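Letters A, B, C, D and E name the chains as they come in the text, with residue numbers starting at 1 for each one.
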Amino acid sequence: AELLVFAAASLKPALEEIAALPEARAIAALKTSYAASSALARQIDAGAPADIFISADLEWMDWLQQRGQVQADTRFVLAGNELVLVAPRDARLAFKLAPGADIAAALGEGRIALAEPGSVPAGKYAKAAFEKLGLWPQLESRYIATENVRAALALAARAEVPLAAVYRSDAVSEPAVRVIDTFPAGSHEAIAYPIAALRGRDSAATKQLLQFLRGPAAQAVLRRWGFSVAGTTP
Amino acid sequence: MLSAAEISALAISLKVAVLCVAIALPFALALGLALSRLRFPGKSVLEALLNLPLVLPPVVTGYALLLLLGRNGALGAWLAGLGVQFAFHWSGAVLAAAVMSFPLLVISIRAGFDGVDRRLEAAAESLGAGPWRRFLSITLPLSLRSVAAGCVLAFARAFGEFGATISFVGSIPGETRTLSIAIWELLNQPGGEAGLGRLVWVALAVGVAASLGAALLGRRAQARSGEDD
Amino acid sequence: MIEVDIAWRTRDFELQVAFTSDARNLALFGPSGSGKTSVLLAVAGLRRPERGRIAVAGQVLFDSAARIQLPASRRGLGVVFQDGRLFPHLRVRDNLLYGNGNAVQAGAPVAFDTAVELLGLTDLLARWPGSLSGGEARRVAIGRALLCRPRALLLDEPLVGLHREARSQLLQYLRRLHGEIGLPTLLVSHQPDEVRALAEDVVLLDDGRVAGRVRAEDFA
Amino acid sequence: MLSAAEISALAISLKVAVLCVAIALPFALALGLALSRLRFPGKSVLEALLNLPLVLPPVVTGYALLLLLGRNGALGAWLAGLGVQFAFHWSGAVLAAAVMSFPLLVISIRAGFDGVDRRLEAAAESLGAGPWRRFLSITLPLSLRSVAAGCVLAFARAFGEFGATISFVGSIPGETRTLSIAIWELLNQPGGEAGLGRLVWVALAVGVAASLGAALLGRRAQARSGEDD
Amino acid sequence: MIEVDIAWRTRDFELQVAFTSDARNLALFGPSGSGKTSVLLAVAGLRRPERGRIAVAGQVLFDSAARIQLPASRRGLGVVFQDGRLFPHLRVRDNLLYGNGNAVQAGAPVAFDTAVELLGLTDLLARWPGSLSGGEARRVAIGRALLCRPRALLLDEPLVGLHREARSQLLQYLRRLHGEIGLPTLLVSHQPDEVRALAEDVVLLDDGRVAGRVRAEDFA
């Protein structure tokens, strides 16, 4: 069988590795289309022939589900992630995320790079967390919004900015940055990558694959790429 | 040198760009001629619509195509009834590329037609040439430089198209995953910069080939006039 | 043979010309800007009068009342334009053959080889028009009009810029065409000797009107 | 009708597109003239380089600009020493737009210059016009249609630019957040389609204005030849 | 007054022309394609010979040995081109004034108003060249060359396509210019009467070479 998976772009390295695992290949040949979750969700809504959707946040999965495009009983959270603050590796910068911390001082003349906080998942989490910590007013005129979270990471890696908010999964694979702090759990909603079979696509192979992705082999790969373990609920 | 996946992406990009120009060219010639030679109501609106894919961010154009031509789209549902499907098919990538590069093609061609000496067309008419022969033997060859310039622009634009393609037909390996999408994926991937350089060189080579092709056409056009100095 | 009754006005110029002539070969004569080229282009079908009627050799080419407007491409007239109008992207040979469907055709009223030789174009066939001298270009323009199998010729100052020998040779040749294949001609010229040699009847134009008529023999 | 943020985005886009064309135009004219009139070693390479921003996905071009002109980029560090900074500044958006639309401008202009009758330039020379006056009074006006076509293409492309801009200068509200970026943001949000329509209309209006401007220039060029039919 | 010794060859044509003349006014005469326009353009500085030397009125304009090549724009020669070359994007008035820095200048050797009236251009000043008749365009071309404050005139078949009255009037005027302001002239013409009226000395060209010399009075 051949299965078409629509997946948020940040999952690419991990999913490629999983797809190459013999167990996965035994279930189906995986074809994967990577793009922003928003683009993928809209394509599915417009009738894209995908079998499985993996979103970078709950919002777009919910959106599709409300439109009846998702086989709700197959939905689960494939992986989680953490949001971290990174700085260029060689920067001598010490900063701890805490309510009322002086992040403006840490930035100095520079700016903080975020995935676009109005629409890109990583940016939305970061903005929510900064608001919760009361730091957003300091940052409102000091951030650079990027097209996706990888672009924010790249800015820190190239020392174009002193700070960036990115996923841990991104930070671990980039030697040019240093994680200086993790956003406190509870400063933002849990970061979840929900997965589901799409309407009318819950074939045996699809179900088998979903099962496999839940399983230890796939989860181990995800962990190696910096994602946290699958939840079950949302 | 290139992996199988990269070769596939390059092949898709070349196929898309070549077909895009080949398919769009007749329409662009017809429209360019109409814009250059006719006055008709709604002409300015048509010209503005033509520019629309340029003034909008490409992903919006792709989204508009998706709304219109997706399986559930107004036109898409109807076309699906006829067995024609663009969305998530490589032909959709051709369509997206054609929409994005169409303005480049039409505007160049139109400027070329505008520059043709109408007195030569009249002379051809007096020699018995009907509209069709006049166009093929006089108007078109005399604006070959502009047509060639338009084709290079359109080819390069189609080859490099990313935003409209990925929003309309996604990135399906072997089907719609073009070189541009492959490059973008590398850029968004840990450690991808290494492979990036290689693919950028490939794109550069394609750009060189395209401009050499145009230069050749242009030189043929130039050889024909033995002017003063 | 020819019947013209046409009119138009532009911001700068008003033309109102009517004449008929039974002569096979007619000349238009008059000062610069009097409307000679305008009339010739109207007959050729390349400038559309506001109203009127044009008939050549019994065939109505234009009639505003009857809404007849035969396209220039179907009038079968060989035109030598005052401004040359060689196709710059075609070699001399292809310019010459353009009106003949791009190929030498056997049994054409004017044979390709004869015309080429007579016009002195043998060595120029592979050249681009942009590299021709003034007189060479003019001879190509004449050849192109002769070789399009015309039913009549419209010549707008055809021999301008030609040297005396070439000119008198061509005059003789055009006369011979008149005799041999009876090709009717409408000639515009400033040279009395050309008019005498190539026309029987002369229409004098001035400022967009017919100013008189002369028989060519009486023309000084 | 438009929110303050939307008006700001529109204003930035207009500023960027206008400045982009204004700044790129002299360079494009010079380069177009050189490509049209001179033979020099490396000409084909130059032409190919010119096409590069077309054949690459825009985000890659933006990333390349960042590598080159970012604060720590090869050129950027040096420029920063001079007090010039492009990255994360609206002037960087102008630069990104200029790079993306430069090929459109140059290729159109070059086709126009190629089409100018050199004999008229020679006539001007015989009348005492030096190279400068010849260019301004003969070559440029006679290729006005192509130059105008190039300017419309470049303006529209600059106005619609998204990928290179966001990768090079990011999206900083009030500084580099252009209308294209604002539109893209809406499209990224569930339910954002609602606001989308309005902004697309704004972009359409800009497209109309641009093509009307070009048509006006073109008509002026056309008025000048009172040809046969 | 003029000294020409130039040569070049192209694939199709070889030119090797040398002559000197003390006459103020010189004519080149010869069949189509003999090289008249080529020589004239070389003198104007618009076609560069492979080697040789050109001097007019004592000033060296071109000398391949001494690497002298005065740009055409600084030769101060008023050229009437065989192929017209009016600027299509400039009105008649602006065409006429182009060589004069775009403005009517007082005290110019040829007064604007005089030239315009004499050439019959008064009503045409606001017209675009594309709307002119053949003879009208030619008169504008003559005017443009006269009004550029030339130190000498290069006329390539200047009176072609003009009607007899206009032609004889212009011939007289050009003669008067010779007398009044002593404007040296290099004339190319196929019309013996023009040559006699406007030149004292004639160089005969044939196939790219000098074929002979005649005094203008003896010219038939």
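Everything that follows uses one rule, which is that contacts are C-beta pairs under 8 Å (C-beta built on N, C-alpha and C of every residue); 3 or more make two chains touch, one makes a residue touch a chain.
The structure presented is a predicted model; accordingly, all values stated were derived computationally and were not measured.
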*State which chains count as neighbours of chain C and simultaneously of chain D.*
B, E
*In the chain contact graph, what is the shortest path length, in steps, from chain A to chain C?*
2
*asked:* What's the farthest chain from chain E if centres are computed as the mean of the Cα atoms?
replied: A
*asked:* Let me check something: if the centre of a chain is the mean of its CA atoms, which chain is farthest from chain C?
replied: A
*Between chain C and chain E, tell me the centre distance in angstrom, where each centre is the average of that chain's C-alpha atoms.*
29
*Centre to centre, by mean C-alpha position, how many angstrom separate chain B and chain D?*
19
*Report, in whole Å, the distance between the mean C-alpha point of chain A and the mean C-alpha point of chain D.*
36
*Measure off the straight-line distance from the CA centroid of chain A to the CA centroid of chain E, and report it in whole Å.*
79
*Give the residues of chain B that touch two or more other chains, as numbers and ranges in rising order.*
59, 63, 119, 122, 187, 221, 227-229
*Name the residues of chain C that each touch 2 or more other chains.*
46, 83, 127, 131
*Which residues belonging to chain A are in contact with no fewer than two other chains?*
42, 151
*asked:* Looking at the complex, which residues from chain B come into contact with chain A?
replied: 59, 63, 66-67, 70-73, 76, 87-88, 166-167, 170-174, 176-177, 185, 187-191
*asked:* Touching residues of chain B toward chain D in the complex: what are they?
replied: 44-45, 47-60, 63, 103-104, 107-108, 110-112, 114-115, 117-119, 122, 145-146, 149, 152-153, 156-157, 159-163, 180-181, 183-184, 187, 196, 200, 203-204, 206-208, 210-212, 215, 218, 221-222, 227-229
*For chain C, which residues count as touching chain B in their complex?*
44-46, 71-79, 81, 83, 85, 87-89, 98-99, 127-128, 130-131, 144, 148
*Report the residues of chain C in contact with chain E in the complex, numbered from low to high.*
12, 30-33, 37, 82-83, 120, 123, 127, 131, 133-136, 138-139, 156-157, 160-167, 190
_Residue ranges of chain A in contact with chain D within the complex_ = 36, 38, 41-42, 59-60, 62-63, 111, 113, 116, 118-120, 141, 143-147, 151, 154-155, 158-160
